[in-house]
Each structure stands twice: as C-alpha cells, then as structure tokens.
Amino acid sequence: MNDILRVNLLSPIALAFVLGVIARAVRSEFSLPKEIYQGLSIYLLWSLGLHGGVELAHAQFGAIALPAAVTLAIGCVTPVSTYLAVRHIGRFSEADSAGIAAHYGSVSAVTFIAASTFVKGMGAEPEGFMPTLLTLLEIPGIQIALTIGALRTRATSRPVSEIMHEVLTGRTMVLLVGGLCVGALIGDKNWQVIAPFYDTKGAVFRGALCLFMLEMGVLAGARLGDLRRVGPFLFAFGILAPLIHGSLAAVVGTLAGLSIGGATILAAMAASASYIAAPPAVRMTLPDANPTYYLTLSLAITFPFNVLAGIPIFYRIAQIAHGAK
Amino acid sequence: MNDILRVNLLSPIALAFVLGVIARAVRSEFSLPKEIYQGLSIYLLWSLGLHGGVELAHAQFGAIALPAAVTLAIGCVTPVSTYLAVRHIGRFSEADSAGIAAHYGSVSAVTFIAASTFVKGMGAEPEGFMPTLLTLLEIPGIQIALTIGALRTRATSRPVSEIMHEVLTGRTMVLLVGGLCVGALIGDKNWQVIAPFYDTKGAVFRGALCLFMLEMGVLAGARLGDLRRVGPFLFAFGILAPLIHGSLAAVVGTLAGLSIGGATILAAMAASASYIAAPPAVRMTLPDANPTYYLTLSLAITFPFNVLAGIPIFYRIAQIAHGAK
Amino acid sequence: MNDILRVNLLSPIALAFVLGVIARAVRSEFSLPKEIYQGLSIYLLWSLGLHGGVELAHAQFGAIALPAAVTLAIGCVTPVSTYLAVRHIGRFSEADSAGIAAHYGSVSAVTFIAASTFVKGMGAEPEGFMPTLLTLLEIPGIQIALTIGALRTRATSRPVSEIMHEVLTGRTMVLLVGGLCVGALIGDKNWQVIAPFYDTKGAVFRGALCLFMLEMGVLAGARLGDLRRVGPFLFAFGILAPLIHGSLAAVVGTLAGLSIGGATILAAMAASASYIAAPPAVRMTLPDANPTYYLTLSLAITFPFNVLAGIPIFYRIAQIAHGAK
Amino acid sequence: MITTPLKMVVIVAEPVLESRLVNELRALGATGYTILDGRGEGTRHAHATDLPGANIRIEAIVSPAVAGAVMEFVSAHYFVNFSFIAYVVDVAVARSGKYSSS
Amino acid sequence: MITTPLKMVVIVAEPVLESRLVNELRALGATGYTILDGRGEGTRHAHATDLPGANIRIEAIVSPAVAGAVMEFVSAHYFVNFSFIAYVVDVAVARSGKYSSS
Amino acid sequence: MITTPLKMVVIVAEPVLESRLVNELRALGATGYTILDGRGEGTRHAHATDLPGANIRIEAIVSPAVAGAVMEFVSAHYFVNFSFIAYVVDVAVARSGKYSSS
C-alpha cells in the first residue's frame, strides 16, 4: 500500500498539483492564463473522448451493459447519500445539502483522467469503454440533486430543465460524447496518424495534464483560506464521502466484471465531486446555497484527496476485491 | 467517387467540423477561447510556411513557373466571374457584388490545409511549392475586387492602398511568406530537429487541425441562422461557384503540369473563399456591402462544401484529367 | 568564428526572431495573443525546470559547488559594474542607473534557453545543473541594484522587501525552482513517459521556442522606435556590457571547471538582461527611473545582440579558454 | 450637435448570470447591451466560478423608465443571493431612436 | 481637491474600426483614449468578424467642444453602415491640462 | 425606485500598479472595486510592460468624501511618474449601504 501511495505521490501529476498549492501558499501570483487553462481542459477532454471512441469501436457491447448499469446506479445513489448525510447529520439547509449533493453526484473528469493515468502506469490496463461510463455519470447526479432541491426549496429561480440543457450541452459533454462518436467513426488508420497527439497514454497528453494539474493546484490553493469557513463536519465529509463512495464502487465494479484498472477508475468517478458542470448549475437553481461550501469541498478537499491518496487506495481495494473473487 | 467521399467524410478533420456545427445546432455554448483559436491558426499557418519553405528549397524553379502563372490567372478570373454573376445574374448591389468577389477571389488557408491533408492521405503527394502558390493567390483577388468596388461605388471611405497594406502585412502573409523564407533558409539539419512539431503530415499538425476544425464548425454553425437571410441565389452560388472554379482549376492545373495532388490543391484554392483577410478589407472599403452576405457565403456555405464534398470531387476530376492527358 | 555565427544566424530560433522584427518594421499588426505568449513562456520555463531537475538528480554535488559560487559572484559584479558605468561614464541619474543595473544584474531565461539550444546543437553538451545556476542568478542582481537605488534615491515608494517577495514568487521562480524539484523527484521512469513533450532538446520544446522567438521579435521590433530616445551611450552600452560580462564569464566559467557548453551558457546568463522579473520590480521601487531606457536596452539591444551574435562569440571564447587551459 | 439625455444601467455580476441577465434586460425594454469581462471584490465572497473574482460588467443604455424598471427588478432578484451591484449613469446619446423599443 | 468638469465620449463599435477611430479621435483633438474589448448586441446584426458580437469600447476624455466635434463626425460617418453607438458622459478630472492638445 | 447618488472614481493605469492601488483604495475607504483590462495611449510614453499600451481600468463606487480623498492621494503619488489618469463620475446606486465601510 505504502509503495502504491509513494509511487502516486511521486508522479508528475501529483507533484505538479502540490507545486501549484505551494505556489499559492507562499502568496505567489503565478497562474496559467484563463484561456490556456480552458484550452488545456478542452484538449484533455477531447483526447479522452477520441481515444475512448477508438477503443469503444473495439469493445464488444455485451461487456459494457452491466458496468453501465452499475455506473447509472452510482449516479443515483451518491447524490442521495450525500444529501441525507449533509442535511440530517450535518444539519445544513436544504439548499446547501442539495447543492453539495449535485457536486458529489456528478463526476470530475480530471479525477477520471488522473485515475486512468495512474492505473495505466501501474500496468492495469482498464476497459476501453471507461470514458463512455464517464459520460453516463456526468448527468444523473446533478439532475437528481437539483430535483431534490427544486422540490424541497421554494420554487427555484430558473427551471431545472433549462439548466439541464446547459449541462447536457456543456463543454464536457460536447467534447466527451462528440469525441467518442468521432473516435468510433474515424477508424484505426486515421487514428494512427493523430495518435501521438491524442493518445491518453502518450507524452503530449500526459505533459499537458501536468501543466493542467499545476493550475488545478493553484485554484485549489486559492480556496485553502476557505477551509475554516466550511467547518469540521464538511471537512470530514469531503474526505469520508469519497472514501466510502469510492470503496463501494471499487467492489461493486469488480463484481460487475470490471478489471482492476476499470474498477479503480469507476471508484475514482464515484468518489469525485464535479467542479465544472455542477457549480454553475447549482448557482442558478439553488441561489441560496452557499458556493463557498460546495466549491471548497470539491476543489480544496475532495479533489486533492482523490488525486493524492484516494486513487491508490481504490486501486488496492480493487486488487483485494479481485483476489477475493 | 463515393469511396473518396466517404473516406473524406470519415476523416477526423471533417468529423470535427461536423461536431462543431452540431454543437451549435443544439444551442451548446461550447467554443474555443478566442486566443486558443488564434493561436492554433498561427501555428497551422506557420507550420505550413516552414514546411513549405523546406520543400521549396528542394524544388527546381523551372517546375514552378507555369503553375505560378496559372495561379495568378485564377486570382484574376475568379473575382471577375464572381462579380459578374452576383451583379448581373443575382442583381445584387455593386458594393455587395464587389464584396463577395473579393472573398471568392482570395483563398481560404484552412481549405488549402484540408486539401493538402486529404491528398497526402490519399498518397497523392503534391508539389513542394504549393504553399508558395497559396501566397500568390492571397492578394490579387482582393486587390482586383476592391478596385472594381472603388470604381463602381462612390469614393470608398478609405484608400484601397492603405487596406492592401493591411492585407499584405496581415497574419496570414507574415506567417506564410515569413515561414517560407525561414524554412528555405534553415536547411534540412535544422528542420529534422523541429520536424515532428511542424511537419504538415505529422501528428501534432493534424491533431491541432482537428481542434481548429472543431471551432470552425462552431463558427460556421453560428451563421446557419443567417442562411435564410442570404436567399436562394446566394445559397446556390455558394455551392456552384466553388464547383465551377474548382473543376476548371483542377483541369488547368493538370495541363500546367501539376500532379494529381497539386491540381487538387490548386482547385481547392480556386474554389475557396477567404474569411480571414477579405472580410475586414471589404468592411473598410465597401462599408455598404452587407457583411451577412459575404460572411455567410464564405463560412457557412462554401467552406463546408469544399471541406466535406468539394475537395474529393476536385481530386476525382484531377485523376480523370490526368488519365485523359 | 564566421561559421559559428552563420550556423547561429540560420537557426530557426534566430530567423524566427528576425522575422518578428521585420514584421514589425513593415508595420504589420501581427502578434501572438498575449495569453499564448504567456502560455509558451510558462511551458518553456516549466520544461527547463523539469528537465533540469531530472539531470540534477544525476549530477554529483561536488561538481556544482564552484560553478554555483562563480554564478553568485557574477550576480554581485554585473549590477555594480553596470551601475558605475551608467552613472559615472554615462552620467545618468541614480534612479536610471540603478534601474538599468537591476536588469543587467538579473538574467533573461530566454537567452539562457537560446544558449542551451545553441551549444546542444553544436554537440557541446552542457552540465545538467545549468538550470540550477539560472535560478541562482535570477535574484541577487535585482536585489543588489534595488538596494543601491533605495540607498541613493529618496525613500522608494515601496519597501524593497515587498518587491523581492514578488520577484521570488514570480512566474519564473515558481516554474524553475518548482520544476527542478519536481524533475528531481519523479525519477527516470516517469520522465521517460513525458520526455518527448518536455525534453529541452526535443522537437516540441524547440518548436514552441521558435513561435516564442517570433513574438519576441515583434516585441523587440515594437521598441526599435525608442532607439533614438536612448541615445548613443546606452546604445553602445547595450552591446559592450554583454560582450564584456559574457566574455569574462566564459573564461571564469571555464576556470571553474565548466565544459565548453556550460561556460557558454554561463556567459550568456551574465551577458543577458532581464525583461520579465526586473521591469515591474524597478518600476515599483524606482518610479522615477525611465522605463524607456531599461526596456529598450534589454529588449531591443542586448537581447537581440546575445541571441544573434553574443552566444556564438561566447562559445568561441569558451573554446579558446578550454584550449588555453 | 443635438444629443438626447438617457440613462445607462451598469451591472457587475457573476459570469454565470450573463445569458439570464441579457434576456431580462431585453424583456424589460433594453434594445441592446455591451458586456465587458472583468474582476473585482466587494462585500461578499461567494462566487460560483473556478476563477475567483471573475465578473462581467453589463451596460445598457435605456430610457429613464426602463432604467427604473431594471433597477427594481435586479434589486428584487439578485441583491440577496448573488455577487451583484447595479448603478445608473446619465449619458447623452446621438440617435436616441435606437434606444427605445417602442 | 479641485477637479475640472470635462466630457467623456464613449464609442462601442466593430473591432475592425479600431485603428481608424483612434486616428480620427487624435485628429479631432483627443489627447488620449482607452480601449476595452467587449461583446454585445444592438439593433443591427451586421458584423464583419468571425467572432459574432465582438466589439471594442473606446473612451476618450475631451473638452466639451471636442466631444461635440467627435459626436458630429461619427454620426456622419458610421451610424449608417456600421455596428456603432456613441454617447457622452460628464466626468470630473484632475490635471485637466492633460486633456487639451492646445 | 429609490437610488442614492454616489461617486465613481475611475483610474486607468499601468498593470504593475494593480495590487498596490487595490490596497490603497481599501485603505481610503472603498468597499469594493471592479477591474477591466484594456489598452490605450495618452500624453506620456513610459510603460514598464512587455506589452506596450496595456492598462488596467479600476472603478470604485464610493462616497463623495472618499472620492475626494482618493483623487487627492493618487494626484500626489502617481501623476508625476506613472502612466495614470483618474476621473470621477456621478452614479446612482441601489443598496447604498454597500458602499460605506462605516
């Protein structure tokens, strides 16, 4: 276990993230230009979709049914469990609880990418259809949480349907779903030509990921000051929730027939909290939910935890689960 | 023919473009940051120039004379034919006709790049000096059309000479002409070192081109709503003009001694309408020409037609012409 | 010598820079988007740090002690010599003299990169720890010059300490020092995976450097108009100072045991004038120092001189010094 | 030359509100608007963006009546929950016709 | 402190007009200007840019006389064919000398 | 609706001054500010940035007293050595409480 943790902590991705946090901690004004940061995330998502599509074209669809079902189930469970915990244990307002639930119900694509990179580095090649599962998990969690919120709180300031259209047509979905289709259509010959640029195991992709994680560190570091504001309950929640959601997903994923790599990635998805699709959606539908809570949780607690410790832990659990099978 | 069309439609470039259009059609707000889009186009043009220069250094200049003459001829014919058709068949104002003529007289570098990528994919290696011809075609078309406009309409609001200086020193010319010179000077040894990054047949170039085409699709999609505005005549013109200009150029190019690949690219240039150099130049010299007409034509009709159907058609015509020779 | 100069002048880096200057000279409005320019410099510095760190992990620290000492010595000598020359020979104000001294006391990372690229191209592989020396030279020069300025001129408008914090936590330091640490920690296995993207001898790095130099040329060209303003003394100083500082450093570096490549890079550092870290620091601490002087000197005179002529000259001197040893 | 006095409503708010505010301005009678991207700080910290402090600044030149309606509306809908300020500036325009939807 | 009342002419227009407008402002007596990049919508759709809605916002602080001249000029030259608005705001400046070319 | 008249101080200056100006505005009593990135030209040339002409435009809505203090302060500290202008605009705000630190 310690080995795996050490290996992960010494990966360029983790170290770049830590560097970004440190830079912020020493009050450096360093930061990637917003457009570069956005450009990198577009490139990463687009690569993920393309490469996923190419592999999807090879997958037999029998294999994907069960994992897909499990993924959707996770998308339904995590927002509810989150809502109940924050509302009834943490005693937070309905709006705050629903807002946080939307974040944990959805998924962080970067955490997904970090997990893929980790398991591939470990030699535990995941299923080719994992990016497809990512797209399945993006939506339902937000959907469910916002609906809970809409029901519990006074009429939301804007119809959920409208918001869901924004989520469904957001950058992440366009690039992932679009990339999957394009990747599945172009065929291997075309893929070979562009693979060195888009291969998610390649140097360009991983190099770009390092730069991106550096900025993620800066953004997370910028929120460290808010840690006091969220209080002890949410702080603990930000670590326990991913641990519990992720561990369960690692086991269930294994039972659903996923490889060790696949189960680890599924766990990382379940454990992760969205900070791209969810925040604006929640802001619009639940304006009285405090953004400091859900943003600090997602960016400054759960994301670092998953990237630095969670993923290797889930990997170990998946290994054990596979052994037990 | 159908094969060639299918091959082209399933290329990453075409599919990325289509994805962009679809994203827009479903009212997605996805779009590349402006600076990334500009950065990509700078990289593509600069690569085109550099690589072209390296190959130019190897070309014997006897071979280039005739194709160059033909290219200049095309640059003189297309704006005039366009002006006459739009003015006398379409009955549009002199300003509108001259404005549209300037766009069809000039060339779209991205169409050129798409054509090069297509023919190289087809194994029909074009002449090394094609990028040089591209620079020859950039200017005269605009020049002629603006002069027609200046003569026919009331005194333009700004001297054509001043505008032409802007066109001549614009991004495209600096990067293409500059790149050609640099590429021709550095020699093969230096080129080898940077080739993987700048090679127009390489993965980085083609990967970047995909991302660029994705945004091109978004930009074209954003103008689909204007299709109603341009009316049936211009719509038909936006498809027939490139077909006619391109087919003739494919034949003439073949007679001028160009290879199948070269003739196809020449045809694509003749068929294409500029949407980078021409619009601002026309806007300044012919302010009463309606931008909706020339921009919608260039971006939403002619560009997609060439990229999706025109190029393979011209390629087929070039094949036949070569057979007939 | 002429050979070396020619080789350097025909390098993509030098030619790209010249192209940028020419573009500006013909009043072209071409320029890289600010964010792309910043993104490129972040990538270049980050690569420099990472690769340097990887090599640093292999260096025995005995070898680095003496060169490090020499580097710090240079950091103390160059600002003083600059101050004295500008103040007492050039008869410029104390503020102007101190401001210029801060620039020549510090270092231009791009000049460092150009020098590394040049010597590696020459087959004179430099020591792995050179980037470490770069970080040593970044600070003291500015520090000393600002202190001189603070002592000589009326109380500065802002405490030097505060400014130094900004310099110490600035982009360059975060990426270089941070990159060195990350690079030293990840180990060769991780490095191999991302090397094609970050290798400072690789195609991506050098390709990106060309684009960056193109924009550097534009920025330098934008200041050519100010050459009149700086007058003959500063103009001569902008060429003689790097010549003298660089030549001495090439010799001293050789005596300190540096290889020909290492001594050349050290010379380039000593000769170079900062234009990223120094300007804002000087602007804040010495507001009455004329920015036109130090910016034109750094960007439009000394930088081009080093990149086009200085580096090969220092290389030759290092060769001779090594021969004499 | 003859210029007409009108009001310019300026709103500085979280970027997430852009499309919504634009629609509401139109609905309330504004015939146009100009948006600038900026950053800032105020009396609150909440900000649902991964780029802390990012803001949009919307300015709309409208009739005094529409200006009042817009200020009413935004006070009622945004002041409580959002990073949001709104103010009105007197401006003199040419072509005043351009600014009245009626 | 003593401030002097002056006029600030603000122009929102298509980016393609930037260099031209700057020259004309100088010619009409403006001693400086500040440009911000923005986006917007108005009553017309024409926009000769591949980025629909992109605009520049130019503000120039000038004397009332120059302000009038600028409004005259732009009304005559740009209102018909370009995406273009111009308005005047009252401002109070320090160092009023800075703003008169004479 | 009821709006309160206040002053908006607008500063256009070199980007290097940003953090410093923000602190000084707060110290002088401003409760917030909005910054826009721009470019421009004036009567002076000096500009310590590798991007000639780049500027920041800071606007702060404050009480008349604070406005006066800010203008005093910047006149004394920045006009001589920096590319810098400052002007005051009358604005009418809602929620005037937001703008007084007291």
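Read from first to last, the chains carry the letters A, B, C, D, E and F; within each, the first residue is number 1.
Basically, contacts are C-beta pairs under 8 Å (C-beta built on N, C-alpha and C of every residue); 3 or more make two chains touch, one makes a residue touch a chain.
These figures come from a predicted structure and were not determined experimentally.
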- If a chain touches chain A and chain E alike, it appears here: B, D
- Item | Relative to chain D, chain with the most remote C-alpha centre | C
- Query: Using CA atom averages as chain centres, what separation in Å is found between chain B and chain C?
  - Reply: 41
- Item | Between chain B and chain F, centroid-to-centroid distance (C-alpha), Å | 47
- Task: Would you mind listing the residues of chain B that make contact with two or more other chains?
- Result: 29, 33-36, 39, 204
- Enumerate the residues of chain D that touch no fewer than two other chains. 36-37, 89-90
- Each pair of chains that touches, named by its two labels: A-B, A-C, A-D, B-C, B-E, C-F, D-E, D-F, E-F
- Query: Given the complex with chain D, which residues does chain F contribute to the contact?
  - Reply: 1, 3, 6, 8, 22, 31-37, 61, 89-95, 98
- Contact footprint of chain B on chain E as seen in their complex: 14, 16, 20, 45-52, 54, 77, 80-82
- Over in the complex, which chain C residues touch chain A? Could you list them? 33-36, 38-39, 42-43, 46, 50, 165-166, 169-171, 174-175, 178, 181-182, 185-187, 190, 193-198, 204
- Message: Using the touch definition from the top, list the residues of chain E that touch chain D in their complex.
- Response: 10, 12, 36-43, 55, 57, 68, 71-72, 74-75, 79, 85-90
- Message: So in the complex, the part of chain B that touches chain A is made up of which residues?
- Response: 10-12, 15-16, 19, 22-23, 26-30, 32-36, 39, 121, 202-204, 206-208, 210-211, 214
